[in-house]
Each structure stands twice: as structure tokens, then as C-alpha cells.
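Letters A, B, C and D mark the chains as written, and numbering starts fresh at 1 in each.
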Amino acid sequence: MDQVKHEYPLLYPLIPILLLAPFLKIIGWDSVDAAFLIVTVPLLIFPTILIIGQIFNKNKVWKNKWKEGGILALGALAVSLTIALWILFDYLYGSYNFTDQSILTWFEWITFDFLQSDFTISEEIRIIGVGIWIDQVTLMILFVATFLCFLICWFSMGYMNTDPINEDRNHRFYAEFVLFSMGMFGMVMADSFLWLFIFWEIMGLCSYLLIGFYYWKVSAAYAAKKAFLTTRIGDVFLMVGLFILYDIYGSLDFEVIFDDPSTGVAGALVDSNQLFWALLLLFVGAVGKSAQFPLHVWLPDAMEGPTPVSALIHAATMVNAGLYLVARMVPFVDVHYNGVSGLENLGIIIAFIGGITAFMAALIAFVQNDIKKVLAYSTMSQLAYIFTGLGVALWFYNTDHHHAAMIAFGASMFHLFNHAMAKGMLFMASGSVIHEMHHAHDHMNNEGSHDHDFDPQDMRNMGGLASKMPITATAMMFGSMSIIGVPLIGGFWSKEGIIAETWKAAIEYEPLMLIPAILILATAGMTGFYMSRMWLMTFAGEPKNDVVNHVHESTPWIREPLLILTVITAIGGFGLALLDIIHFLSADTDHLEMHGFLYTLEHAFLPSDMTTRIVGWTTILLSFIIGPLIAARVHGGKLQKGMKAIVPINWLVILSSKFGHQDVENMSKSQFSEALQNRLYFDDIYEYLISKTIIPFANLSAWFDRIIIDGIIKQVESISVSSSIQIRKITTGSARDYILMAAVGMISIFILIWGVNA
Amino acid sequence: MNLDILSILTLVPLFTGITLIILPQILPKEMSSNLKKITRNICMGIALAMFAIATMIFIGTIGNVEWTNLLHGEYVLKNEQFSLISSIGVQWKVGADALSFPMIWLTAFLIPISMLVEWDAKKGHIFHPLILIMEGALLGVFVSLDLFVFYVFWELTLIPMFLLILLWGGEDRKYAAMKFFIYTFTASVFMLIGILIMYFHTTPLPGIGSMTGHHFDLVQMSIQGNFMPNEGLRHFVWILLLIGFATKMPSVPVHTWLPDAHVQAPTAGSMLLAGVMLKMGAYGFLRVAVTIFPESTIIFIPLLVFLGMASLVYGAWVCMGQTNLKRMVAYSSVSHMGLIFLGIATMQPLGFAGALFMMFAHGIISPLLFAVAGSFKHHYHTLEIGSMRGIAHHSPFLSGHMMLGWMASLGLPLMAGFVAEVAILIAFWLSFGWLVMLPTLTLVITATYYLTSMQRTIFESDNPHQGILPDSLHGDKPRDVTWHENTGMFILGIFTIIFGIFPFIFWDMMSVWSTEFMTEIMIDAMQNNNIWRPSLGWILEAFK
Amino acid sequence: MIDPSWIVGLGVILFGIGLLGTFYHKNAIVVLMCIELMLNSANLNFVAGAMYYGDVNGWVFTAIAIAIAAAEVAIGLAILLSMYSTQETISLDDANILRN
Amino acid sequence: MSSLSDISIELLIPEIMMIIGILAMIIMPNLGDAKIRIPLTNTSIPVLIGGTRFNQVNNPYIPSIIAIFTFSLSFIVSLVMIQGETNGNVGEIMEINQFTNLFSLIFTSTLLITSIATFYVMPPRKDPKIPKNSDSIDSVSTKINILMNNRRQVDFYILLSMVGLGMCLMSKSTHLFLLFVSLELASLSSYVLVGFYKEKDIGGEAGTKYFIVGSVASAVGIYGMSLLYLWNGDLQINSLSNSWSSMEILDPMAGIGMGLMLVAFGFKVGAAPFHLATPDAYSGASSPIAGLLATASKAMGFVAIMKILFIVTLPEEGTEAYWMIAIVIISVITMTWGNFAALTSDNPKRMLAYSSVAHAGYMLAAIAAIGSGLGTQNSNILIITAVIFHLTILVLFKLGAFLVLSLLEKEGLSHNMDGLKGLARRDSTIAVSMFIFMLSLAGIPPLSGFLSKLLMINGIVNISAGTGSLSSATILNWASSVNIIFWLAISIVINSAISLFYYLRIGLIMFFEEPVSSKPLEKSIYLRITIIICAIFTILFGIGPLSEILLEIVNEAAQSLV
């Protein structure tokens, strides 16, 4: 049990994939020619795993050699990753001309004509095609997606396949996993808003399926439905936004729209009001997908899914879709290049939503005891940062502050990268913790007999794990540091930029921006608190539960992704900052340039602009000093005697115990705390509204249909029957009556005819 | 007379089916019992042959037709027309165009599958021939270009379906079958009056209609265009036709026969009912009412929008209030068919094409839904939502198909339904602007009821290794779907996805047809009424 | 020579009495007699017509009508007998097994 | 005045055949070895009548065989006459043309089928025993009954032939009085036939009611005819027609006379409110006779109505007939009443009777359409074609339905829906045939009932739909300006929908109820074949070449009427 079992020989069949890119290059393909493989290979692997898995469910070879499909999934993702890297390489250093940007159209999906106002059919046929679109943002997110998908799939083989509850069901997981990956890759590469939306929905489906992976759990089934429906609400608005865009531009292709966003179909000038609505509706879609206020309620519940799913979908990739969509709005508002002016409000709204969500999520994260829930709220909060940054960027773009806009935009995108890497790792690390806790608990209780009261995700059962799980603790430490924005590590480089640009906009141009600016600045400090709290509750202090003593870091497949991502988080941010990724992402340059080490540092810590400098240092103070300090006072503590962790962690743990102890029992009983426990009652309010409006109305409709509409039919029937019985009674059986009636009838008809003719 | 390929397609299944039902009655006992054993194989063989023919036509003839060169009123695969009852001008005239061909193919495609799904039906020696008869009648509706023959086939579809419901239906089958028959028949006799009024206004064609001097030739009528001098009469006829077609579609408020019929019908019956029979309404509406009375159509756009919207929105709400799985699916059909009216009301080629594709896509998706519901009935003996939970454990395949079908029906992209939905809604925005919020928000409702029903059947259990089984199972061990149900559903699922990813297989011809249709038929009428986009404001004005 | 209109008038009265009688009386035999009255009123009309037009056909019609009436009575009585043999009544009100 | 020698006998072959048949039926069973001794001698000459019957004629089936033979011959002759488009006049009182030929065909075919059916329904016993003194009282009475029954065969078929004779003559007569007399001939015989069903209580009762109401109706009719005679002085239809068209305003005598005659014919066709005795009569009579009443007798009534309405009283094109509004009202009431009453009827015969009333309503609606004067000669012919076509094919499916009931009659099951329960299980062929008949009655395509209903609606729509004002731009404007006749079409349509309920109910009962008795139906091979043939023709006349042929014949008939 102690020895980590290595199962790397299982990966041998995948080695040829590494040769795929060179092979294709040799036979003369360009990297973009192979791009379709990124999407199609996972798409085809999806049914393969599903069907084979269903048929050979209990087969030994399938289970042990193919990891219930895990190897196949990994292979598919490896193909995607390889080609994505090839394209990235090609873009940066290769010979292929990407300036045309829209690279390829694979096939014409639907074509149709358009009736014009002069009652003629438009001459050119409208085409909605399928193709790929590659620029810096695409590449960055594509890299993030393929890379993380690959790593998390790897991680899953450890996490999922060793959990007895998943026995015989993992093929479903891997199938849905690759389908999801395909959706994400497709969305990133799509060359039109429509296809972006299509893949976006595919991801929604997979999210639904994966959250509901433990379908027998009532909470999981509920959470899955909630996630799907909440995002669906956003999606329909997004759809309407698409319709409006289509109405304006006569196409949804990036190529057509971005070519000149200020002129619409047939050279008409674009009405900024209409465009504003279109973009706003697109943003509503993004709000749903990225779990922003007020459509944020699904994300915490989504943690019901297996941890790799949370890592992948609800932290690292899918939730970025909304950000990506908003990022795609830049050409509309960029008045420097053909953008449509008069859309400032859009940026402000986005920034506001971002600010509010960031603050709110951070607040709620304060009181969460479930390790995954904390991360979920942290995700919401960090995504909100990026939204704020994008909002500010859009505002800058629209008010023609090109330079500031680019920094805000680049920083946002960079934060997306940092956050994805860090959060992916954090979730995997938390998964590792949960997994080992679970195992240890099972081990303790004579495997098999489940103690359902024990919650392996509850941080109140943990503590002191630092010595038991060195790798996880390290990974989590770096991840948290990146999220907190500890100087020089990961998220610091991007978060600084966002906060600074927001303040800059607020102070120098638009006082309204002050609110999001203050909110996100406060959030920075709060982030410092709750991330530290999480780490300390988990790893520092003395064990709060017996189970902890039995924890070992022993599952295969889990450590490698953690190590890789730890390295990326620790030095990747700085490295990319050195390469001036911010300007690269905001399309200022299309090459990565190496900047000087000192130049970068100076730029970060001592910017020439005074506002930026003050804000930057305030942020560092809040997030790096005050937040963690308070957390250490509340939750910090030495490890149990005799336990030792590896050096930096041990040092950190000891440090955390130096600040004294503050008891927060009273505070946690306050009303406000309770409100936070209940997520500020948003879920309750929504539930209440739904149960009071939608359900009764649906029942009313059903009743109406049954009783009134069908009732009319039934009434006709019963009236017919009763009148039939009545009319039959006229036939009394007496011949005299017959004659009488005939005579009366005859005479009345005579009178009638006489009356008519007279 | 030389039978052309479309006539063969129609008549062979019809007569084979009838023969296969009659033959065992006539033959001696031994032979007939032998025959009964192989009846379903024969039927399947014929159905597959018909499917092969339809596909061959598609690949060979239709696939190569330059749709852009086809003027409206020109059909491919026309036969040498000959008269059936020449004295009143009835001819056997068949043909296909991009409006009918997808439907023909769809019918030929669904028949073998519905046979397959109910491969083990009791009294199979009658069941399968009945489905063949059904095929003949349905194809007859789609191929015939003579209104009399059209109407005959239209009503002929009722009889096999009536028998299917009656002989293989659920507990309340008598009521349902009667309601189905009488309801739709009543509506279609109104349509008959409309047809007769049209008939009376036709001008003589050489050689036919010796007694009356009129003819039922649909092509001639549509070429003749506005042949009725009397505007009010035209509208009246249009309304009469609408009653017939809307009831078949069905549209709110004349939809209540559908849930009853569906709930009681056997699986194959439901599949055909939802898959093809409902499309007859939409097809007929486009083929007859819109084609011949474009101006009335324009005038009544508000009505169309209202009906479509009512079906779509109200249907979705009613769906949510259902507790019976099959009933819910039936109402969802009502809801989806509402989109067709909306698509037509947009008066955009895109909307028309979307409506056509909706017919096609719904024709593939809804049979899947009903196959799933039928399997539930078959294996769990109940359709009550919530009476069973966590079924995914016992019936993984069934759950998988359910998931796929449900998702396809709620308009998930990369499945056939989405293409139609998005096309119609785009066109709808182009015409009616913000009114589009209603149908789009309905998509949320749709998602809600589908997901809720799924949550309460295949998900949620108290035990990871066992579902909560319904009482109706009486403690029996639940089973997964049988191989033939599984195959049928697989094929439907695969095609749902194929047409979702590659809609252009059929979309292209539909799109071209729509454009031609607009140019040839609608534009004049629109110009006369001076409507380019029938906007919301225009509707409101019309109501004044 | 009587004015034919008197004859017609008598016929009308007879017809009225006959018609009223058919649904006034229960007894089938009486009803049969009333029917005879009605037939005879028609005969009177024929006679009046024959007189008025000087047309011999009218007389022939009358003769044949009388024959018809005779046949009718014969058949009627036979049928009534048959009913009486099974139901033992000739009241039109009591014979109402067949109704509704 | 024409002499007998002018009469071309060949025109009346069907009638003459029936007369010969009647004579044969009278004589044949009485042939025997009776001899008469020539007075004053010992030689006795066989007179062939009386005495002990010959073995050859001892067969009690003789009368029915003769009847079937006669009717088939006349049927064939009628066919030949139609084929040869025979026409001509018999004196001044009869005219033979396609119309009469067609109706001869209808009548003879009905009678043929009826006689085939009764062959089984009231079969005589072979080898009846003569009661002996030693027998017990019971066995004596049974034996006597059997003897009586065998004896009755002759009466029955003679009456049947009489009905046929009356009907054929009526359709040919162009003189109102002859028309009436032949009608009476047929009616009086049919009264007896209704009452002939003596084994049950209801036979006598049905006969009585039918007879009483029928006689009142014919008395009213004959009185009306006498009024017409007073008015015109001549009962030649042509002469009446001339006087009528020369009439400026409606002469009350003519009007009342015509109206009273219509009452008589209205009783025959079963038009409300004169139809009340029909269901009683149908349910009391044996099934084949009920079928005869529902088809041939109804056709006879319609022939009379068409003759007096279309030949005598049809106004000029463009003016409305006096009777139009009356017929409109009667037709609507008739079809509605019939359908509603049939809806819950639990006696299949009554149900069919009411359905027959409803069908009369449809046909009256078509007739009313002609009276509206909106149509041209051509469109009128179209409507008449529809009516005649309907009458023709009614023989197939209405009579067919009664034949199916007559199969059940033996078991005493024809008077209740229970009898039809589970028929499909007992005999699927018969059940399917019955279902086809029902669907055809309901007017479901592609059965012939649909074609006829379609033609009728078509005719009505044809002449009325164009009447809405041309300037009407909206539906309401149009609807308020359209002729009332148009709504008749709508009324037919709605009624068809209602009727569907009870027709389908028969199907349900046959296919889905447990049978009362499980033993298979009686074989009755010829009757069975007849039913199947009826079913097949019901389908064949619906669509395709056969319907085409029939339509042409009917069309010619309609042309020769007007």
C-alpha cells in the first residue's frame, strides 16, 4: 500500500502518438490542416469508449490494461495536445501565414438565401460554415485546454479507477470526458459565433453528464440538472444575441464580422444600440457559463461530480468559455480599428457583474468547510476578476484608450491562464486529499463497510496532513499562492494588472468604475484569507480526526500532474511575464519577446504610473500580508509532535503558528455568517420563486389542458350521448305518436313554405 | 401502364401488406401457419427494400438534381399520369420535390426501424403487415400530386393506425383509438370541403374530368395560382384547409387527441404517429394551403404566429405538468410542431427551410423518444415519472438512449433538432424581433421538463448498486432493452447525430426549394400586401 | 248535379277526420277505418275531378283506389291478426316492445 | 290511345320475368299427380295440380330457387339493358331509359341478394313428417309448424317478387297514378314481409306499426295526388310538369297536393319526421328484409321524389324552388336526428336504421341543392349522379351489413350489440367485411361510401360555393353572403364526423369484446360469398376503373332523368 504502483507500461501503445506531428509534417501537412484532428479524434473516441465499455464491462483486460477506457481517452487527448502544440509552435516560429486568421473552412454546414426588403432574393448565398480561427487568444486557451485535459485525464486514471464505487462505470466517465474535451477544443477553435455556441452547448451537456456521474445520488442528480438549466438560461439569451448579431452582419463568421464591425450587412452602418443589446445578451450567456452573479448558483453544487470533473470543467476549462466569449467582443468595441463607439456601458456592466461576483464569492468562501466548495467559490471569484478586467478592457477599447485597454485585456487573459493552471492543480490536489482520506477511512473501517456520516471532503476532519502528503501539500501551497497573488508567483503577474487598470479607469476616467475597483481590491485581501485558511485547515495544525493518521500518498497516476503543474504555477507565470505575454495576448504583438529580468520586475513593482504603484502595493499588502495573517491566527498551528513535513512546508506551518490564536466561534454563529453559510440565500430565493411560479403554472397548464381544452371535447361527446338518449326517447313505440308527429311536422312545413313564399 | 419508381414505392407495401393479412385467412391451415411464421421477415424485407429504393433515388436521382434550376411546380420522378376516375378528374399522378422527398425518405427509413423495435409484437403476422400498409398510405400522401388521391391516402393512414392502437394499445386503447380516429377525421372532412371548393374552381384539363369539367391536379392548381376570384372564399378555404392540417400537426387548441393516442398506441405506432403522421399536417399545409393560397397565408400570418406560439409555449408548459412519460413526450411533439408554423410565418427562405428541416429532424428524434418510452412500458410496465428511480443501473442502454433522445429533443447542438431550431429562430428574429424571446425562453422550459423527467427516472436512487423499482414490476428483475429495440434506437440515435453534424445532406435541397418557393409563389403575394417582414407591429395592426 | 267543390269539401272534412282519428284512437282496427276514410276522401276528389273535367280517368282512378283500399284492409287485418296472435292486443299503445 | 300490340314487350322483360316467377311459384309446389276423371268415363286425366306432389317439386326449396333464378335472370336482363342503353315508351304511362334500367338493376340486385340471404335465414326443413295420431301434442305441433313453415316459403317469395315487380314498375312509370299504384304494390307487400317474421313477438308489432304509419302516409299521398288531379285534370307527369311551369304563383291546391305526396315518399325514404316507424320496422323485421327496406325501398322513395321534384316541379334555372327551404330543413333534421339517435343505439338493426335515416338526410341535402336553382343543367346532373350513385352502392354496403346481421339472426343475436361481440374471433372474414361496410357507411376513403359522399358534398359545394359575394374580402363577409345550401355541406361533414362514432363502435365491439358464444358461425356458404362479394365491390367501387364504369352508367342515368 505504501509503495506507489507504477503502471506506465500501459502507456506504451500511446507512444506512436508522439510521432504523429512529425509524421504529418513529413507527409506535407500544415499544422492547421491537422487541426481538425483536435476535435474529431476525441469525438470518435467518445462512442468507441462508450460502446466497448458497455459491452466489455467486466472484462479483465479492459479493466486492467485499458483502464476502462482511460488509456484510449488519454491517447485521444494526447493527439489533441500534440497537434495543439504543433500549431502553437508553428504560430510562433513556423512559416505558415496566419495573418488571414480565419484559416480553413471545412464544410458548408447550412446555406440559404435571404429575402431582401425590395422583394428580391439576395444574390450571394448565405453560408454558415464550419472552420477554424486561430489567433493568440485561441492559441493560449487551446493550449490550456488540451494541456489540462491531458493531465486531468491522467490524474483520473489514478483517482477514478481505484475508487470501488466507480467499478464498471469508468468507461462512462472517460467517454464523457473526451466528449467534453472535444467541445472545449471545438469552441476555442470555432470560426463563427454559431459554432462557438454549438460547442458551448456540447460542453454544457458534458458538464451535466459528469456532474451527474454519481447518478444515484439525489444531490448529484439535482446538481446536474441545476447546472444545465442555469447555464441554459444564459444560453437562450446568448442565442438571441446571436440572432441580433446575425441580423446586423448577415453572418456569424468571425471573418465577416471582425473584418469591419462598424458596417453591417450590405454596407449598412451598425446601430450601436442594437449591437449593445446583442453583446449584452452574449454576455448574459457568458454569465451563465462562467457562473457569475446572478447565475452563479450552479457552480458550488456542481462539486457533486467527481473531483477530476471539478478540476477540469468547473475550474480549468469550461467556465473559461464565458471569458473567451467576452474576449471575442473586443473587435466590436475597439474603436481604434473599426469598432462601434457608444458601447461604454457594456464594459461598465461587465465590470460591475465581475466586481460583485468576486466580492460575493469571496465572502461566501470564508465560511465553507468543504474543501471543494472553497475552491469552487474561489473559482467564481477569480473568474469574476477576469470579467472585471475584460469589462475594463472593453471600456478602454471603446473610449479609445488603446494602450490601457490592451494591458487590461492581456492581463485578464493572462490571469485566465494562471488561474486555469493553478485551479486545475488545486482541484487535483484536493482530489488527492479527498481520495486518500477516503481510502484511509475505508482502510480503518475494514474496507467495504461505508460510514456515510464521514465526509472526506470536510476540512474539519483534516489538519496536519502536511507530513502525510508532501507532494500534495506543496502543490496546494503553490496553487494557493498563485491564486492569492503572492508576488512573483503565477497569478500575481496578472492580478496586479487587472486591479491596477480598473483603478486607473476609475480614478482617471470613469468614477462609476470605482465600485468594481474597490470590490476587487477588497477581494484580493479576502482571497488571501480564505485560500490560506483552506491550506492551513487542511495541512497545518494537529489532526482533527483519527483518519488522518492513516493517510498515505500512494495512488498511482496522481502525482505526476501535480508535479508538472506545480512547476508551471511556480515559475510559469514569471516566465511568461518575462516573455511579455500580456502584449502578446492582446494582439499587440504576434511574437513572444524576451524582456529583461529587471525590467519586468521594475515594471511589476515600481511602475512609473503612481496610481498603479499605490494600488499594486495595496494589493500586495492586503492579499499577501493581511489575509494570510488573519487566516494563520485563526487556523494556523504546528503539526502533531513527531510529524515532519518537507522543508518549505514545515517552515510555513511553523510560521503559521507564530501569530497567536484567535477564536472565531462567536463570529461563526453570527447571523451574517449563517447567511454566508446559506450562500446569501440565493439558492433559496430561486427555489422559492420556482416553486411558487413555474411549478404551479405548469400544473395549471396541465390542468387547463386536461379539463378545459380536452374537457370541451369530452363535453361535446357527453352532450352528444345524452342528446342521443333524449332523441331516441322521442321514438316512443306507439304508432299513434308517430303519426301525430308526422302530421305536426307536415303541417309546420306547410306553414313554413307558405310563409316563405308569401 | 408503366409503374414508375414512386408508384412502386407506394403501392408495393400497401398491397403486400393487405395480401399478407388476407392470405392466411384463405390458405389452408397448415400453409397459413407456416406463412404466419415468416410474415414479419417478409415485411421486414419489403420495408428494407423500400428503404433501399428511397435511398437509391436519393443518391441516384435526387442527389444529382440541380435544385437551383428547378422551377416551382416542377417535380422530379414524375410518372406518366393516368386517370383513376376520369369522369370526375381523378388521376394517378405522383412526383417528388424537395418538400416531399425528405419525408419520403424519412418514411421509408422509419418503417423498418419501427418494425424492428416491435419485432416480437404479439400477433406479428398482422402487426407487421399493418405497418407495411401504413407505409404505403404514408408514402401515398407524400407522393401524390392529385388532391383526391392525396385525401384518400390521408384518410387511409387512419385505418392501420386505428387498428394498431386498438389491437396493441394500452388499457384505455378503445377511447384513445376512437378519439384519434374521430377527431382527425372530423378535421379532415373540413379540409375535404376546402378541397372540393378548390376543385370546383379549376378549369378543365383536356382528357380528364369528363363529367364535371374539373380536376384535382395539384400541380395545375398551383400553377393556376390565385384561381378563385372571391377573396373571402379563398380565405375561407384556407381556413378549412388549416383546420384539417393543424389538427393533424397538431396545433393548440386542436391537439388533445395526440396525447391520448400516443399514450395508448404501441411503440411502433407512436413512432410512426409522431415521426411521420404529424408531418403530414405540416406537409399538406405547405403543399396545399400555402402553395395555392399565398395571399391568404400572408393575411393570416398573425393567426399562424398565434397558433405556433400557443403550441410551442403552452405545449411546453403543459409538458411540464405531466406525470406520464409518454404523455409528456407527446406534448413535446405538440410544442415542437409549433415551431413549424413559426418558421412559415417568418416569410424568409431560412424560416421555410428551417420548418422543412424541423419536420425532418423531428421525424427522426421523436420516434427515438417514443421508442424509449415504449421500452419503459415494455420492461417496467409503467410510464409514471417518479415511480422508478435510478434505472440507469439496471438499464444502461435504455438510459443512454433516453439521454440521447431527450437531449436531441431539447435542441442540443450537433443533433438534428438544433439545426432546425436555430434556423427558424434566426428567421423569426429577422421578422419579428424581440418576440423571439418567447420561443427561446421556452427552450428553457423544454430543458426543464426533459431534465426533470430524466432526473426522476434514470437518476436518483438510494443505493449506488440498485435503483428504486416500480410497483408494476411486482418484484421481477428489471431488464435492459432487447437487442432489437437497442438496434432500432441506435440507428435512430446515429442518424440524429449524423443529420446534426451534416445537415446539408437534406438541408441543401430544402433551402433551394424554399428560395424557389419564395420567388415563385410568395413574393408576388407579399408585394401585393406590401409586406417584407411580417413584423410584430404589422401583426398588431392587423389585429386592429 | 252537385257542384264538385262540395264533394271536395266533403273530402277535406273526411280527410281531416281520418287523419285526426289515426292518432286519436288506440285501437288498430279503428285506425284502419280512419285510413279508409282518408282513402275515400281521395276517392271523392277523384270523382269530383272526373266530374269537373269530364275525364273518365278519374273514375278509373277511383275504382283502382278502392281496390287498393281493399287490399290494404286485407293486409292490414292479416298483420293485425299476426300481432294479436303474439301479443294478444291490438292497442297501438300497448304494442311497444320496439321503441327508442 | 295505344293498343296492346304497340307495346314493345322487350322493354318490360324484367317485370314479365317476375310475373312468370310468381306464377311459377304458385304453380310449381302444387304440381301433383291429381287426376280428374272425365265425367261419365273411367278415364282420368292428370290435371297436374293437387294430389300427391311429385318428388321433383316436393323439395321445399323450390320457391326460393325459383325466386333466385328469376331475380338473377332479371338482374342479368337489366344489365344487358343498361349495356344496350335500351329505351323506349310503353304507352303513355311508362318510359324506359337508362335511369329506369339502372334502378331495375338496383332493385333486382337487392332482391337477388335478399333472396339468397333468406334462403338461409328461413330455411324450410326437408322431409317434413305428417303428424300421426300416436304423436304427442308437442310433437304434433312442431310437425305442423314445420309443415306450415315450408308452406310459407312460397308466400314469402311471392311477396318478395311482388315487391320487385312494384318497384320496377314504379321506376318506369311516367304516370303519377301508376307510379302510386306500383308503389302501393311494393309497399303493401313489404308490410307483410316485415310482419312475416312471426316467430318473434316483434314481427307482428313491427309489421303493424310499419303498416299503420305507412298506410297513413300513402293515404295522405293518394289524397295529395287527388288534389293534383283536381288541379290539373291529368296525372301524366309531363302534363303536370307543363302546368307547373306555366303557373305564375303557387296554386295552393298544387302546392298542398305536391306537399302531401312528398310526405308519402318522405315516409318511404325515412325522412324526419316521417321516419319514426322505420327503426321499429327494421328492428322487427328479419335482417334481409330490413336490408331490403333500407336499400331498395329507400331507392324507390327517392325515385318517386326525384320524379316529382325534378321532372314536375323543378323551376327555371336561377329561381329557387318552392320546396327548397322545406327540403333543406328536413334534410338537416333528418341527418342530425338519424346520427344522434344511432349514436347510443344498442340494437345493431336500429343503429343501421338510424344510419339509413341519416343517409337519407344526406341525399335530401343534395336534392335541396338542386332546388336552389343555383346550378346549371350540368351541375344538377352531377348532384343527381351523386344521389343515384349513393343509392346504387348502398346496396353493397348497407345491405351487406344487414346480411352480416342475418348470419347472426339464426342464433337470435341480431337484436343486440352483444351479438356482434367478438365476431372477429368467431369469424374474422365476416367481421372484416362488416368493418368494411361500416367504414364505407362512414365515408372513409377509399371505400365507395366515400366516393358517393364526396360526390354529394362536391355537388353541393359546386353550386353553392361560388355564391358568396365577389367583393367580400373577409371570411365573415363571404360567409354571410353565401347561399344557405353551402351550409348543408358543412352540416353533412359534421354529421359524418358524428356518425363515425357509432360505425367505429361496431368495429370495436366486433374486434375487442369477448364473444357471447364461442361456436363458429353457421357456414351458409352462398350467403358468405355474397357478403364477401359485397365487401370487395364496396372497395372496388371506391376508386379505380370499376368506379369509373359505374359512375358513367349512373351519369347516363342521371342525364336521362332530367
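The rule is simple: a contact is a pair of C-beta atoms (placed from the backbone, for glycine too) under 8 Å apart; a residue touches a chain by one contact, two chains touch by 3 or more.
Treat the numbers as computed from the prediction; the structure is a model and nothing was measured.
Trainee: When you take the mean of every protein CA atom shown, which chain's own CA mean is nearest to it?
Mentor: Chain closest to the assembly's C-alpha mean: B.
Trainee: When the contacting C-beta pairs are counted for A-B and for A-D, which pair yields the higher total?
Mentor: A-B
Trainee: Using Cα averages as centroids, what's the distance between chain A and chain B in whole Å?
Mentor: Averaging C-alpha atoms per chain gives centres 38 Å apart.
Trainee: Provide the C-alpha centroid distance between chain B and chain C, rounded to the nearest whole angstrom.
Mentor: Computed value for the inter-centroid distance: 64 Å.
Trainee: So the centre of each chain is just the mean of its C-alpha atoms; given that, what is the distance between chain A and chain D in Å?
Mentor: Taking the mean C-alpha position of each chain, the two centres sit 81 Å apart.
Trainee: Need the CA-centroid distance for the pair chain B / chain D, whole Å please.
Mentor: Their C-alpha centroids are separated by 44 Å.
Trainee: Residues of chain B touching 2+ other chains?
Mentor: As it turns out, chain B has no residue touching two or more other chains.
Trainee: Among the residues of chain C, pick out those that touch two or more other chains and give their numbers.
Mentor: Where chain C meets two or more other chains at a single residue, that happens at 19, 22, 31, 92, 95-99.
Trainee: Please set out, as single numbers or ranges, the residues of chain D touching at least two other chains.
Mentor: 208-209, 212, 216, 220, 279-280, 501
Trainee: For this structure, give each pair of chains that are touching.
Mentor: A-B, A-C, A-D, B-D, C-D
Trainee: Help me check something: in the complex, which residues belonging to chain C touch chain D?
Mentor: 8, 11, 15, 18-19, 22, 28, 31-32, 35, 38-39, 41-46, 48-49, 52-53, 55, 57-58, 61, 64-65, 68, 71-72, 75-76, 78-80, 82-87, 92, 95-99
Trainee: Considering the complex alone, what residue numbers of chain D touch chain C?
Mentor: For chain D paired with chain C, touching residues are 177, 181, 184, 188, 191-192, 195, 198, 200-209, 211-212, 215-216, 218-220, 222-223, 225-227, 229-230, 233-235, 279-280, 283-284.
Trainee: So in the complex, the part of chain A that touches chain B is made up of which residues?
Mentor: Chain A reaches chain B through residues 50, 54, 107-117, 119, 121, 126, 165, 194, 197-199, 201-202, 205, 208-209, 212, 214-218, 220-222, 224-225, 228-229, 232-233, 236-237, 239-240, 242-244, 246-247, 694-695, 697-705, 709-710, 713.
Trainee: Report the residues of chain B in contact with chain D in the complex, numbered from low to high.
Mentor: Counting only chain B, the residues touching chain D are 25, 83-88, 90, 151-152, 154-156, 158-159, 162, 166-167, 174, 177-178, 181-182, 185-186, 189-190, 192-193, 196-197, 199-201, 211-213, 229-233, 235-236, 239.
Trainee: Enumerate the contact residues on chain B facing chain A in the complex.
Mentor: Spelled out, the residues of chain B in touch with chain A are 179, 183, 252-253, 255-256, 314, 317-322, 331, 347-350, 353, 390, 392-393, 396-397, 400, 403, 407, 412-414, 418-419, 422-423, 425-426, 428-430, 436-437, 440-441, 443-444, 447-449, 451-452, 455, 458-464, 467, 502-504, 507-508, 511, 514-515, 518-519, 523, 526-527, 532-533.
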